[in-house]
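Next, two complexes with chain A in common: one pairs it with chain B, the other with chain C.
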Partner chain A sequence: MHIAVLAKVVPDYEVPSMDFELSNGRAHERFSRMMGLYDENAIETGIQLKDKTGSSLTLISYGLDSDVQFLRKGVAMGADKLVLVKGTSDDAAVIAQNIKQAVEHLGDVDLILAGQQSADMDRGVVPGILAQMLGAAFVPQVGYIESAADQWKVSQMTATGRRELEFNGLGVLSITSIPENVPRIPAVRAIFGAKKKPVVKLDGIDQGKMALAEISVEIPKIESVCEFIDAEDPNEAVKTLLSRLTEERYI
Partner chain B sequence: MKTLIIENIDLKKIGELMTVSRLFCDTPDIIALGDGEIPGSFGRAWQSAATVSANLVVPITQLIQQEGYEVILMSVSTLGTGLAGPLSAALSAPVITEVTAIHPDMVVDRPVYGGKAIIKYKIESTPSLLTIRRKYFEPEALAGTTPSVPLETGDEKVTLVSEKIEQTEGIPLEDAAVIVSGGRGMGDPENFALLQEMADLLNGAVGASRGAVDEGWASPTRQIGQTGKIVAPDVYFAVGISGASQHLAGIANSKCVVGINKDEEANIFNRARFGIVSDYKKIVPLLTQAIREDR
Partner chain C sequence: MARIPYWNISYGVIIDLLAIPVFLIFVYGLYLQWQLIKKGQLRVIPSITKVFQGIGTFRPGAFFMRGILNPKIYRKPASGVAHGCVFWGMALLFVGTNLVILNILFGLPVFTGAFNRWFMSFTLDLAGLLVLGGIVFFLLRRQFMPDRLKIPEARTGFVLVSSLLGVLIITGFVIEGARLCANTPEAGAFVGNFLAASVISQTSALQIHTMTWWVHGLLALFFVAYIPFSPLVHIILAPVNSGFADPSPGVKMGVMDFSAFDDEDAEELPALGADKLADFTRKRFLDFASCLWCGRCQEACPAHNTQKPLSPKGVIVTLAQKLAAGEMEDSVMETLSMEAIFNCTTCAACMEVCPVSINQPKTIMRFRQNLVMEQGQMPELMGKAITSLEQRSHPFFGTGSGAAEWRKDLEVPKFEAGKTEYLLWIGCSITYEQRAWTIGRAMVNILKSAHVSFGILEDSRCTGDPAKQMGNEFLFAEIAQQNIDDFSALGIQKIITMCPHCYNSFTRHYPKMGGQYEVIPHASFIRTLVDDKKLQLDRNAQTITYHDPCYLGRRNGVYDDPRNVIASVGNLVEMPRNKNESFCCGGGGGNYWAEETGTRINQARAGEALGTDADAIAVACPFCLLMLTDGVKKYTEEIKAFDIAEIVEKCLPDMAEG
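This part shows the complex of A and B:
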């Protein structure tokens, strides 16, 4: 069995709003780059499934040559190889088209895992587009996966609880975070080993853009109006807080 | 413009999408999913008990093509997210998810970078698909009901084996006027009971950050933020929560945020109206006691 996990390298998503800056409508290039948070959950889920089923696991990314160094973390976590499709588009349809190319290049993929959202565009739409392009089923917000006979049993974490779903054939699942898929920290030995794992690079295609024109990207103004309540005497502090909340009619 | 709403039978979600639809048309049509009567007055209505998105892509694609819909509205939810990508590919239609504002001439806003920036797009072709972030549009009060015809769904790609709805006592997070939320700074699951006690006294609900959910201290259904629930309470208490932009994205429309954090540099204080820099263990029990005495 062959599992593919989609991972995207993004600008540091932990930069606080106050320090955030744009250049040419994108996060400033001075911010360091890292793998998307949900993509790491997807890799962790993939590795656990790989270990249970004796599968192989390939990371697929569409991005820059220089992203490979950050994607190696995923290899060190336990992936067998990496396919990078080279390109710079932010268009979800173009990205999906390029990832489809990598899936077809691999030829024998049985299951595709993705993050619930990329940690820059935050849209959760690429995996569903890819699924439709491949004629595969798309299931979002998946927490747990089990393989049974020729079926996949998956749990979808919804706003109100949990659904157990089954399907067979190729599926694209977007993975959400659960305590069981908190990404492992690769051991030093694995980090060195990752440098020897194969990296396949494919040239991307820049076609099939959606009919959307980007008009502007702006940073919303934040006005900080925090009134700090002195906590020297905690009893006094909570009384002050309550009276301020009541005065301003919040409670 | 010819507008179609696709939504589960849910008063608030349909109400919000109805409000949005008025920006595009007088009366929208609807595909309503799940059991029960369709609330509100629609031009035409289709209904199916099926709610698994993968099984709805084919029939909905056909219907959109047949009827020539120009704008398709869904909310950000398991259903909307499940449909947005596949429908976009099936219809070669532009899709914008997590929409927070709509301007004239098909210009829409959505947040990126965890809400640290806003992108404006102009949609240049129809049909187009939008998923609308919850709590950004006032739900219209829906009067009456609309009779429907069945939406034929055909073969199932994905089988729904079972569904477990979590039993939560008290007020749902989305409707709560007061939310007391805990983060990784809570330190352990037992201490969430302190937050529950405080929330109960204020007739509120308990929420959590992704940090606390990852630790297993709170159920994923309690997560607040851009990939959790979007809430808009009068007062939001953030206890031991650092205030990452992705968390703040879920409380953008809260009226008053109170940050309780031992780190004075924590980002939550850039969003909070009131801040207490302290170990929450010193503050929350006293606060709970003071609220009790106040009643």
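This part shows the complex of A and C:
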């Protein structure tokens, strides 16, 4: 069995809003780069599945040569190899097309996992488009996966509950964050071992773009407005605060 | 009448002859101890060639001062005095016994004149009484044990050796009393004279003397032979362990070399940290063998004091038991829990109070290193901090602070190669924790006020200390090497630190990686500025208590400089636990990123600080400031904790941010 996990290198997703700035419509280059948080959840899920089923696990990424140093963490977590498709497009269809190329290059992939959304674009659409391109089943927001006979049993975790699904054949699952897939800290031996694992680099293709044009990108201006809650005791203060937050539609 | 050797004893030389095999048994017992210790890993110190038997460098001064004189033992007055009575009493009796042997062999005139009266009679009688008094205390204490002795478990064997020693002393006195009863009273021998006059009858004196002499002699031989096989072996191991102990205060973890992991030809990769007894060095084995299970370490431990699973005594006892049983390869982590191992705040209070110079934190840290670097296991919040440190070069995941926000609207010079004298090292906590911003701002204003040539780095940095304290030596080495390379490029030679953790890294670990700097903690630097009259401060009547940060105090011996600074602006009030006995804030060892069980350590310490009724709680560490600021909230909404730089800044005349 062969599991592929998609991972994307993104700018620091924890840059404080006061410090955030754009450069050419994207996060400034000065911010650290790292794998997306949901992608690490997907890798962790993949490794646990690999250990349970005795599968092999390949990390697939679309990005720059310089991303390899960050992707090695995923390899150190337990992947067997890395496939990087080189490219810079932000177009979801182009990205999916390039990932499809990597999947076809591998040839024997049985299951594809991805983070539920990237930490930079926050769209969560690439796995769906990829599934459509591959003619595979697509399940978003997956928490738990089990391999049973020739079937995959998956649990979709939504804000309102849990849905159990099953399917045959190739599937693309976007993975959400659950307590069981907190990304592991790679052991030192694994970090050094990751340097020796194979990295396959494929030239990307730039076709199949969506009919979209980016006109502008803006980030919200940070404003600080202070409002004192007048209350006799902490309980009353909490009630008032909750009601104010609800009124303002923050919660 | 002068004493005559073997008076009233026939064939007394038998005891002397038996002393030879007894001595051999004693030596054999010590040899067995060495055989156990020898199973530990050899200690390799590249910079030091003289590593005695793979244990370390032996320091006779420490052997004598820490091992023999052992001032730490007296920190507990009752048991300290009892130990002193037994140890020094026995030392005198040992000298007396040897003088008797010299008298027998060479006729050394020890039984005549004033020497006989004041030493051989009076002093040795007094010594015997002191030993007896100490033994009575120890036997009573074994009956009514304090928690520190019995939790998690008490060491057995003390009652037997104490009773044996007590019988030896009593029979010694009876021999003397019977001898004097049969002869004449002897000036100075006040115990013997008393027994002769009041207890022993003249008719049976000769018989009692003979019988007791043989019992005493044979028991003494058994006692000596038994020492290496009993807990009393600590009279040998403890001073030796002290002789091999690191002379610098606090825990010195050293740095790890990871080059073997990159070496394609490396045949065997070293184990990282320790998972089993066999992973420890001979020095640690000596620690385990020397431990008396006295529990002073756990009594001082902030984790144990606040109902957390960690007991430093428990860790060492577990390893001592495995050592005694020869269980070298069993995973010790099955006995100790991961939670306990990460409870350690690395405050070094345990090793500070240990009377036999055991380095408990180093043992605990070795387990932590193994969990993190070999097994990738650590508590979730610490894992997030480590990941953030790896990804962003700072451990403050989820921070709302941007890298330059701490110095917003404040003009701060950048370090310029060849122009600036001091690098003002900001560090991660002052950059990314809003409450700590003002430490950096205050220090900038102080340095400007004193016209010091200083500058900061362009970007925010961390020394890597949090990684090291959480057990990730590999990440620490990467960060430290990057800093050292950058410092070299900038020609940095002098560094002012505001965080003792950074100070500790720069002074203890960076030099071993090629980073040699003159590093000054900000409290010491401010003191120098005040002493040199470069800072004019307005002193006021405020009372200030000072919390000693573990990494500045116990680990680096900086106690007086911050106190002198406080005395120059207000009135210092000491907390009950201060200086080397200071109680940790709870944030060390990566526990700033921990979800605590039991009482929160910072709340315990804040309560103690507030108990002084001081107007302010001064600290000289941003982590302590953050922990105590939070701890104080349990008792009052008032802001009471301040960094020493904040306090000094407020006392600058016409203070205004530049």
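Please note the rule applied: the second predicted complex is superposed on the first by the 225 of 251 C-alpha atoms of A that agree within 3 Å, B and C clash if a C-alpha of one lies under 4 Å from a C-alpha of the other, contacts with A are read in each partner's own complex, and residues count from 1 in each chain.
One rule holds in what follows: a residue touches a chain if its C-beta (ideal position, glycine included) is under 8 Å from a C-beta of that chain, and two chains touch if they have at least 3 such contacts.
These figures come from a predicted structure and were not determined experimentally.
> One more residue to check, A:Pro16. First (chain B), second (chain C), both or neither?
Touch status of A:Pro16: both partners.
> Considering only touches as defined above, state whether A:Leu170 meets chain B (first), chain C (second), both or neither.
neither
> After the superposition on A, what does A:Val68 contact: first (chain B), second (chain C), both or neither?
The answer is neither, since A:Val68 touches no partner chain.
> Go through the superposed model and pick first if A:Met1 touches only chain B, second if only chain C, both, or neither.
After superposing on A, A:Met1 lies clear of both chain B and chain C.
> Identify which of chain B and chain C touches the larger number of residues of chain A.
So, of the two partners, B touches more residues of chain A.
> In the overlaid three-chain picture, which partner chain does A:Ile178 touch, first (chain B) or second (chain C), both, or neither?
Touch status of A:Ile178: first partner only.
> Where does A:Ile205 make contact in the superposed view: on chain B (first), on chain C (second), on both, or on neither?
In the superposed model, A:Ile205 contacts neither chain B nor chain C.
> A:Leu106 contacts which: chain B (first), chain C (second), both, neither?
After superposing on A, A:Leu106 lies clear of both chain B and chain C.
> Based on the superposed arrangement, let me know which partner A:Met157 touches: chain B (first), chain C (second), both, or neither?
A:Met157 contacts chain B only, not chain C.
> Can you list the residues of chain A that meet both chain B and chain C?
In chain A, positions 14-18, 182 sit in both the chain B and chain C interfaces.
> In the complex, go through chain A and note every residue touching chain B.
11, 13-18, 20, 22, 25, 27, 38, 92-93, 96, 116-117, 119-133, 137-141, 143, 153, 156-167, 174, 176-179, 182, 210-220, 222, 224-229, 231, 234-235, 237-239, 241-242, 244-245, 248, 250-251
> Could you pull out which chain A residues touch chain C in their complex?
Listed in rising order, the residues of chain A that touch chain C are 12, 14-19, 32, 34, 182-192, 195.
> Which residues of chain C touch chain A once you look at their complex with the stated criterion?
So the residues of chain C in touch with chain A come to 258, 261-262, 269, 272, 372-378, 380, 383, 386-388, 391-393, 397-405, 474.
> For chain B, which residues are in contact with chain A within the complex?
Where chain B meets chain A, its residues are 52-54, 57, 77-78, 81-90, 93-98, 107, 110-125, 128, 157-166, 178, 202, 210, 213-216, 220-221, 226-227, 229, 234-235, 244-246, 248, 255-256, 258-259, 264, 267, 269-278, 282-283, 286-287, 289-291, 294.
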